[in-house]
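As written, the chains take the letters A, B, C, D and E, and residue 1 is the first residue of each chain.
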Amino acid sequence: MPQDLSLDTVEELAHARVQDCYQCGKCSAGCPIVERMDNLPNQLLRLLQLGRIERAAASAAIWECVSCMTCTTRCPKAVDCAGLLDALRQLSIEHGFASPAQRRTILFQRAFLDNIRRNGRLAELELVRQFKMQGFLDDLSVPQLFKDALLGPQLLRRRKLHLRPRRVKDRKLVGRIFARCQANGEKP
Amino acid sequence: MARIGVFTCWCGENIARNVDVQSVAEQAAQLPGVRCSQTHKYMCSDPGQKLIRDTIAAERLDGVVIASCSPHMHLKTFRKAAEHADLNPYLVEMANVREQCSWVHSQRSRATAKAVDLIRVAVAKVRHNRALEPIQVPVTRKVLVVGGGVAGIQAALDIADSGVPVVLVEREPSIGGKMAGLSETFPTLDCSQCILTPRMVEVAQHPNITLHTCSEVEQVEGYVGNFRVTIRKQARYIDVDKCTGCGQCWNACPSKKTPSEFDYGLGKRTAIYTPFPQAVPARPVIDRDACLRLTKGRCGICVKKCQADAIRFDDQDELVSEDIGAIIVATGYQLYEIGKPDGQGRVTGYGEYGYGRYPDVISSLQFERLVSASGPTGGEIRRPSDGAVPKTVVFISCVGSRDNAKGLSYCSKICCMVNAKHTMLYKHKVHDGQAHVFYMDIRAGGKNYDEFVRRAIEQDGAHYHRGRVSKITQEDGRLIVRGVDTLAGEPLTIAADLVVLAAAMRPATGVEDLAQKVNVGYDEFGFLCESHPKLRPVETNAAGVFVCGACHGPKDIPESVTQASAAAAKVLLMFSRDRLYREPEIAHVQESACAGCFACRRSCPYHAIDPAEIRDRQGQLVRRVARVNPGLCMGCGTCVALCVSKSVDLEGFSEEQVYAMVESLR
Amino acid sequence: MNTAASDPANGEFEPKIVAYVCNWCTYLGADLAGTNRLEYPANVRIIRLPCTGRIDFNLIVKAFEIGADAVLVSGCHPGDCHYTSGNYHARRRWMLFRELLATLGIETERVHFTWISAAEGKKFQQLISEITSTTRDLGPYHAYREICETCEV
Amino acid sequence: MLQPLRETCRRLLDDGTVQVVIGYGQAMRAVEPYPVFITDPNDVGQLVWNEQCRTNLVKYLLRQEIRALGKPAIVVKGCDERALVVLEQESQIERSEIVVIGVACDGMAEARCEVCDAHQPRFADHTIGHATNKEQSAERRYAHLAEFQERPIADRMDYWKAELERCVKCYACRQSCPLCYCQRCIVEKNRPAVLDTSPTLKGNFAWHIVRAFHLAGRCVGCDQCSRVCPEGIDLRLLNQSMARASEASFGHRSGTDPQAELVLGNFSKQDQEQFIR
Amino acid sequence: MEIGYYPGCALHGSSNDYEMSVRACLAALGVRLRELDDWICCGATAAHSLNHKLAVALPARNLGLAERDGMEELLAPCPMCSMQLMKARRLLFANDALQQEISAIVELDVRGTTQVCNLIQIFQQVGYERIQQAATQQLGEFRPACYYGCLLTRPPGVVQFDDCEHPQSMESLLSELGAAPVEWNYKTECCGAGMTMANEATVLELGHRILSNAAAHGANCLVVACPMCHVNLDMKQAAINQRYSAEHDMVVYYLSDLVGLALGLAPAALGIPRHFVVRK
């Protein structure tokens, strides 16, 4: 079940209060990739203030955010703008607003966590296999890092890969931690 | 008290329509302690009052209850009437059988019953009333004004002109305050110094004003009308009486590198100096941290140059005591520290704006000095780094203000007007220059204010962008300002030659200390609290202490001056009588029972309770108890409710009275 | 009982309500109700005190002791106190005292706390009407009277 | 524990740091320990320490006859110590004029000890022994009260009627309370008599309401009043309801923080007021 | 001096050159690293974005291990790890209820008592002066642009390290060692780390800006203290050049590389030959 497209959901996910924002635009002024955004960060906040969650969650801008936290750091009202965009991305995926290309970020993050759940630490090569199993090739553009580098001979030549990384001894414990954290209804 | 008269009023038909006045009077006559019960058509009329006076005399009444309208309407009237009949006015109470009975209850039988109850309550109270005398406090007709900025000057002159002596205390070497450093003032663009300096001179020459510069309030004792104030006069190292202010000394002083406070560091001054040419008093002062003689024991050129023999290197701080009747606090403001190094490599405040890092990022008060004809550039706008005339200037609003994350949530109120003024002054001096303003809202409420801002935009071509600036960096000698125009919905980067930050107004340093000395409350930012925001805007909760100017909240010059005159008027009103009369319905402590927990003291809104020491005959301290200062108590009774041993009581609403009132309803 | 505990006309239960109000806001609010001729039930007996800060918790107990069926305590809105902070002190006191009453099994729905300003004549009228009617529904406060009656024996 | 306790006391008396030590003495195990006031270093052998030392001795600091003995040292448990903090906040003692000897306590086999979070004294000048302070949730600490408050209101009223019916107005609750220090107790005040002081149900209600509320935001939960009540009235319930409300509404636990503002006599503009219309 | 050590997944994965460098450099300074026994991943942004509790629990487990083993301090050279650990620590330290809940989840008592620090803080503890005394080589030929990126100084409330707008800690260290760091404007601008996977165009653009500004201010190399920054600026440099027809030839060092060189260590011992852009 996707979560409600309501302001409450967004604020709860982000632990932030949208009405605190007074639209000064400092988030937009400092954003390193603002030129690529269809809606400026302050405009996204404004949409949320107006209750137009769907328009905000369907905005392409949320997928441009690099989570550098400049906006949050400089916000005069201490609104966690970056956190709100995080929440919007999550809702966007759940409600199917995101294009396959945009879904990559979150799908990658899920694969990443799944990998950790099973291994305790990141197993890079396995992560790649996992992508494929999760239908990652839907959009036929395998993530860049893997395309041009990770799998490339260069990394291997530079011995920048452990083919068999040391694994965690008590891997079951990690599984239990995940289970307990996910039991409380938060999205896995 | 057993000889109480009850006087029930018909109020024409107003009471009589719904209340059976005759029946009420008859029932009242039966109440314990009631001697007689009378009615009258209009009790507040002359014949009504005469009836009361005559009955008091004839029946030798020792208590009176008037059952008529609200005590807020006529309690004073009837108390005065009783006084004329030689009955202590505090032995008169009222039963409100009109507003709270006949006017709101139409069922005659129930309204009548209630009226009797209300009289019953009033009789119960009056039986336990005590004769009270108004508290008289003598008044010393002399005023202390703290702070010699425009507000302090205005207040001091208003009071002194009315013939009352004033002691004006100023921390800096000269009066004049922030206004003395301004170039021109909004919305008229008249020269700040031209209108202020004559007032400063007036202060210096006024026979009723004693001026202490380089001075601060050290201690305040006493209470309204009777303060004793100790003032610390810092060593000036100049014999002010001998000095002629000729200037030989500062022209010769070899220590020339101290940043000028008056120019906010944009210029330099000598160790012996006057802060600015029109300073009042027009006498120099020696900076003890910069003077070569005082720091290293050598030099002394000024002594050689001084023909008046006025240099005093052995000068010491001096304490001066003054008896004062009222205090006006006018300590003004300082600018928010835009970027303050925290000593661990970090900057608190606005690190992102590079203030202190890039010389061409300056504060609005620094810009005032750059435009001022008496400033370090002689009024030519030249930027600090290389002296070039800036062709693009960015002004940023709300630096510190309305920024919860940096600690100040309030609007500083004047910056919108300051920015508009600055863009105009800039354009008038640099015709081919372009001014940009980043703002969040334009707040220009005031006579001719909004028109002024529109002129800056429409006639002088300032570009206004609605948005905050996120970061300022420096590339190739220019300042790269990254902002946004939220109205256009576009990020905006401007390469500027000079950036001016309109920093927030904060109360001057040390105001909290002073506030504690005079028992005035202050808010989380240090602004002093007025007694009531609408009705007592210049009074404080400390009787006899008044506030005006920016120490009370951000304000501009006209407002500060208005408030200063208001404070002066309040003081003169207070001084219009030889003695102060205060309502005697105040708290008092039964010291033998007081356990000294001081819950009363904690809660008293007027700081009217002090610890007093009980000593035995040998002078040994037995214990400490609470004691009410009758000059300060306003009679709210919060202390009574808090006192667990009920050792404090409130005249007029004593425990005995209140319980008797409740009991009468049994 | 010489106060309006019951109306002899119809024998219906008439609650006795004691109101402790501050002199500067609620008392003036009640006056305003009168000036505007806003009718309300005649069951309330106002006792005027300078400030809610003066209203001792014991007065509430006292009111029940003399047979009140409900008690009203009312003063200036926060920030409007004539003495700047008496009502803030009162607010804390009441908050704790309500808790004590609840623990003792005293019916806190018979103790009403309100802020009524000098401009709120209408609010005063509505409040008194409401309290009178809810107290009427609750019936006489027998429980506390029993406590008091055992003492008189 | 006992040895170092006695040694500390001897040293304090020996070097004249204090003139009297207020501690526990006991004649035999079968009787409760009682307070002893030791002025001679050679008498420190009278001091005892065991799991029967339930009494909070702080009360004795305030007694005139004991004050007359000179500068005192007092033996306290972590829980007793909270009363010292309150007394200092209320200007009743000068902390520098008292030497506090804290004794680590593993519990005195009372119900309150099971939810105690002050086994180890925190503000003492000398601490004997070591115990660990474990945090206790408010739910646990006020479980007894919460259970009582589950009852319907009429039941509660009936309960108190039955309990207070028995009160004989002996005022042992007051006499034993370390925070009852008034020069003249309110029940002794006449003109006007604030309270009905008769030992009737009405008078008893009046007294216990006043007693509990005068401890609002102050009571440190030493339970001395319940312990000494000859009728076994559970006064804890009233004290706890005030303590819990102070904690829940104002974040105040009396006697745990010497810097904290007392609940009554202070206020915050942000205080809640849902119950006010 | 011994210190707890949390390498994190990146240093045990494709950024093992960083680990080599850190280990070699600190060994030369006499700092013994005691690797946290059986550490697990800190959860990185993934946990943060998807499950807030997990975002506390994963680092908390590691903090618990460190506390169990009596470590007073824990070095996490990857700023992502150190920020996540610091954040969890801060939350736990202030909240008893959370402490209890998380302790139950991770099956270990966690109180948040172990201090977490980044690589620069370790150098500060050793003391810049001591490092300078131990140095055998002058770094005079280096004119580095020190690049802090996002997580070393942000969020300032969490990491409380250096100035979040104008950090200076790397510059002061390298100046001590004879290098001539340049003042430039992109020290704390983002390299797009979080986007490496999803949005290459952004990463390339941000990288291009950073490299250009460094060059414009006269830098001849970049210094980083983050594995992700290294990937985006070093490994991606060729792609950046291709996209923007640029000719960046900016060697990207880890901070420990330059300190190591100053201490006289061989480039190979520091893993420098494993970088993509190498000094000619």
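Methods note: a residue touches a chain if its C-beta (ideal position, glycine included) is under 8 Å from a C-beta of that chain, and two chains touch if they have at least 3 such contacts.
Keep in mind it's a predicted model, so treat the numbers as computed, not measured.
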{"item": "Co-neighbours of chain C and chain B - touch as defined", "value": "D"}
{"item": "Longest centre-to-centre distance from chain C, chain (CA-based)", "value": "E"}
{"item": "Most central chain, Cα average position", "value": "B"}
{"item": "Between A-E and B-E, the pair joined by more C-beta contacts", "value": "A-E"}
{"item": "Between chain B and chain D, centroid-to-centroid distance (C-alpha), Å", "value": "44"}
{"item": "Geometric centre distance via CA averages, chain D-chain C, whole Å", "value": "35"}
{"item": "Length of the line joining the C-alpha centres of chain C and chain E, rounded to whole Å", "value": "67"}
{"item": "Where chain A and chain C are represented by their mean Cα positions, the distance between them in whole Å", "value": "58"}
{"item": "In chain C, residues with contacts to at least two other chains", "value": "57, 85, 89, 93"}
{"item": "Multi-partner residues of chain E (each touching 2 or more other chains)", "value": "164"}
{"item": "Residues of chain B engaged with two or more neighbouring chains", "value": "352, 471, 603, 642, 659"}
{"item": "List of chain B residues in touch with chain C within their complex", "value": "70-72, 96, 98-101, 103-107, 109-111, 113-114, 117-118, 120-121, 531, 541, 585, 603, 605-606, 634-638, 640-642, 650, 652-653, 658-659, 661-663, 665-666"}
{"item": "Residue ranges of chain C in contact with chain D within the complex", "value": "57-58, 61, 65, 78-79, 85, 88-89, 91-100, 102-107, 112-115, 127, 143, 146-148, 150-151, 153"}
{"item": "Contact set on chain E toward chain B in their complex", "value": "162-169, 185, 216"}
{"item": "Residues on chain B engaged by chain E in the complex (per definition of touch)", "value": "345-347, 351-352, 354, 357, 471, 473-475, 480"}
{"item": "Of chain A, residues touching chain E in the complex", "value": "15, 32-33, 36, 63-64, 66-70, 72-73, 86, 89-90, 101-102, 104-106, 108-110, 112-113, 116, 120-122, 124, 143-145, 148-150, 154-155, 158-162, 165-166, 168-170, 173-174, 176-178, 180-182, 184, 186-188"}
